[in-house]
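Here subunit A shows up in two complexes: once beside subunit B, once beside subunit C.
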Partner chain A sequence: MISVRPLSIEHVALPPFWNRNCYFHEQFTVHRSPSRTSSNRFLENFVFREELSQKQCETRSIFCSRMHSLANRSNHLVSYTLTVMAIITGACALSTRFLRYERPARVVGRRVELHHIPNFTTDNALNDFAVVNFDVKVDLRGLFNWNVKQLFVYLTAEYATDDNVFNQVVVWDEIIERREDALLDLNDVASEYFFWDDGSGLRNRNVTLYVSWNVIPVAGALLDVASPLTNRFLFPSTYKHVVTK
Partner chain B sequence: MLFDQGVLDELWRMNKRQFLYQCLSFGMIVSSALMIWKGLMVVTGSESPIVVVLSGSMEPAFHRGDLLFLTNYQEDPVRVGEIVVFKVEGRDIPIVHRVLKLHEKVNGTVKFLTKGDNNSVDDRGLYAPGQLWLTKKDVVGRARGFLPYVGMVTIYMNEYPKFKYAVLACLGLYVLVHRE
Partner chain C sequence: MDYFRNIPVHMDFDGQHKAEKLSRIIITLFGAVGLIWGYIIQQFSQTVYIVGAGFVLAAIVTVPPWPMYRRKPLIWQKPRPDNEQGDSHQKPKKKK
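Then we have the complex of A and B:
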């Protein structure tokens, strides 16, 4: 007969990560016997070596004495939880880091008009004001994955004038939060924001329309992606409406 | 009861050297945190590389308490659609909004207008009186990374100073008393 003597329950501690503080603490390792076997030494990690009086236990248990103390348990629980959450978040961010978010977005500008009127949004100086309607056709449903919280899709008009070598005006944007809403098919839509030039240099100028999107992740890198397709056209040479001061 | 025997015993048991050592390790923690912050400033080129979103003007992208990681490299240009963090004269707290319009001169000077995703109008009402555009010197950084919720801790700390002191006291006590 092989007799197995199980360790009684009060002599066995929880797995090592629970008791990091306690059992290597000199206060608990008294009188190490010189003849320790390796298995004994291993067990010392788990076995409570010293009998403390009831009073001592109570007073010390609050802070950093025993594995069962409230402070110890909550400390380990909190740090363990935070570690796990940090690793999962990092893994989530890494998992989508190298995905490609480029898609072709077809855009066509329609009904382009120019006006020369006081810019009431700034200083009431006479500025060029453009009216641009447009079509946008793009399927962004494939961009959604577990690390995409929303897409911020916007239509940019880019042009150059004599005053400014580089101008960008956002004429329309849309926030998309669900995959089902990510199939865009807009026809002859009016611009959402005013298209004011900084001055009066829009006549006979080329303008390029293109769609871009900003990918907002659940956690990780913020990406800005522009569609490779653009629509380039010429502004008219005459104003439709002119205000003279 | 908390302090009468347990903790004081621990402190009592330490000799002077040990206590100094603990103070030193506490100082190490503080200085390494400072080093990381200053190091990030150098790497990102931004005067505050990590900011906490305080308002809901960029919802649903950013909510109150979200963390943003910024860079501010002078060589990469500001473009429309980017999320910039900027300071306005007369306001202590920087604003996180998106660039809506941009005009660049031949000599490279850029002026731009911003708008919050959740606001119906642009930011001219938020700028200093008479200010119509932002320029590069107003920009603290451009948002490059995002981490949700983590900034709530600092918001609570700022709103409830007692909570802040309690956390600091607990951390200080833990470092001083704890013996590895």
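Then we have the complex of A and C:
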């Protein structure tokens, strides 16, 4: 508790902001330490309008900052800037929250090479392996706004076999970072990743290809959007290359 | 070392109040302008740069104890001699 002593009022200088805010004088901040007698003497000779304990001061300083030293002012500034930054980022996320990111992406499977070879990525069992060539045509330029950092576009092959009812293989992807690069027109591009079947069920199989994309935002939800257009095509009945054990 | 210790870094009460008000005004203003400008040109990075510029400006204007924040120093009483200490303990004055 800061000691309060009535003195004749004409000698007393009242700090004008002490009662409303918690601004500090450097000599007030050390009054807890008993060794600082000179500071204590200053305090004893000082009259406050109102008694303020340290706790009351801290409670009040929720709404205003301590500004009495370089470190306190820097702290106040960084804290307030980050608060403003957080509000701005939230506003940015909110401003794009209800935009639609669906676009029609035309995809056509051109041709497939089927192989029956050991799956060297796992257990060397004989599995079906496919190399798909396809066309993709999609205009994603309209997706870019101030809350889109990049797009991750990928092509999925989906099919059902006797062993597994639901198979999904991502065979190609691309990262788009700029609006100018977002007009995709791919012709006869070969699949980028291994298209392994879990077993040997790719012959005479109807496989559906479709394009999806992740919208990676500055702030907010990371969306996963699939194009409504799909391309279903039949895989060949013969292998191009067969390995027998 | 003493030379550096003796550089005064504090502001008076009025100066602290002014510095806080000014820093809040600068950051808020730059934040609002940055938000609007970034939305207009659809570039969030520009918003961040504008807020950063506001931060630098506010740091230059309000963090160092410029003379404008030290114009109303407190008027202190003279320290009283110790033998007078016991005679005037009373209840603290209440704020009216």
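By definition in this document, the second predicted complex is superposed on the first by the 176 of 245 C-alpha atoms of A that agree within 3 Å, B and C clash if a C-alpha of one lies under 4 Å from a C-alpha of the other, contacts with A are read in each partner's own complex, and residues count from 1 in each chain.
In the analysis below, contacts are C-beta pairs under 8 Å (C-beta built on N, C-alpha and C of every residue); 3 or more make two chains touch, one makes a residue touch a chain.
Given the structure is predicted, the values throughout are model-derived calculations rather than measurements.
Look at the residues of subunit A and decide whether subunit B or subunit C touches more of them.
If we count touched residues of subunit A for both partners, the winner is C.
Looking at the overlay, does A:Thr156 come into contact with subunit B only (first), subunit C only (second), both, or neither?
Only subunit B; A:Thr156 stays clear of subunit C.
Pick one for A:Gln168: touches subunit B only (first), subunit C only (second), both, or neither.
Touch status of A:Gln168: first partner only.
After superposition on the shared chain, which partner residues are touched by A:Thr81: those of subunit B (first), subunit C (second), both, or neither?
A:Thr81 contacts subunit C only, not subunit B.
Would you sort A:Val218 into first (subunit B), second (subunit C), both or neither based on which partner it touches?
In the superposition, A:Val218 contacts both subunit B and subunit C.
Examine A:Asn145 and indicate which partner it touches, taking first as subunit B and second as subunit C; both and neither are also allowed.
Touch partner of A:Asn145: subunit C, not subunit B.
Taking the contacts subunit A makes with subunit B in one complex and with subunit C in the other, which residues are shared?
After superposing on chain A, subunit A residues 21, 25, 64-65, 218 contact both subunit B and subunit C.
Write out the stretch or stretches of subunit B touching subunit A in their complex.
Checking each residue of subunit B against subunit A gives 1-2, 4-7, 9-10, 60-62, 79-83, 98, 100-106, 111, 117, 122, 124, 132, 143-148, 177-179.
Taking the complex as given, what residues does subunit A use to touch subunit C?
Touch list, subunit A to subunit C: 4-7, 11-13, 15-19, 21, 23-26, 41-42, 44-51, 64-65, 67-70, 73-74, 76-78, 80-81, 84-85, 87-88, 91-92, 95, 144-147, 218.
Spell out the residues on subunit A that touch subunit B in their complex, using ranges where they run on.
21, 25, 59-65, 89, 121-123, 149-150, 152, 154, 156, 163-170, 175, 177, 193, 196, 198, 212, 214, 216-222, 224
Could you list, by residue number, the parts of subunit C that touch subunit A in their complex?
By the definition above, subunit C touches subunit A via 9-14, 16-17, 19-20, 23-24, 27-28, 31, 34-35, 38-39, 41-44, 47-48, 51, 54-55, 58-59, 62-65, 74-80, 85, 88-90, 92-95.
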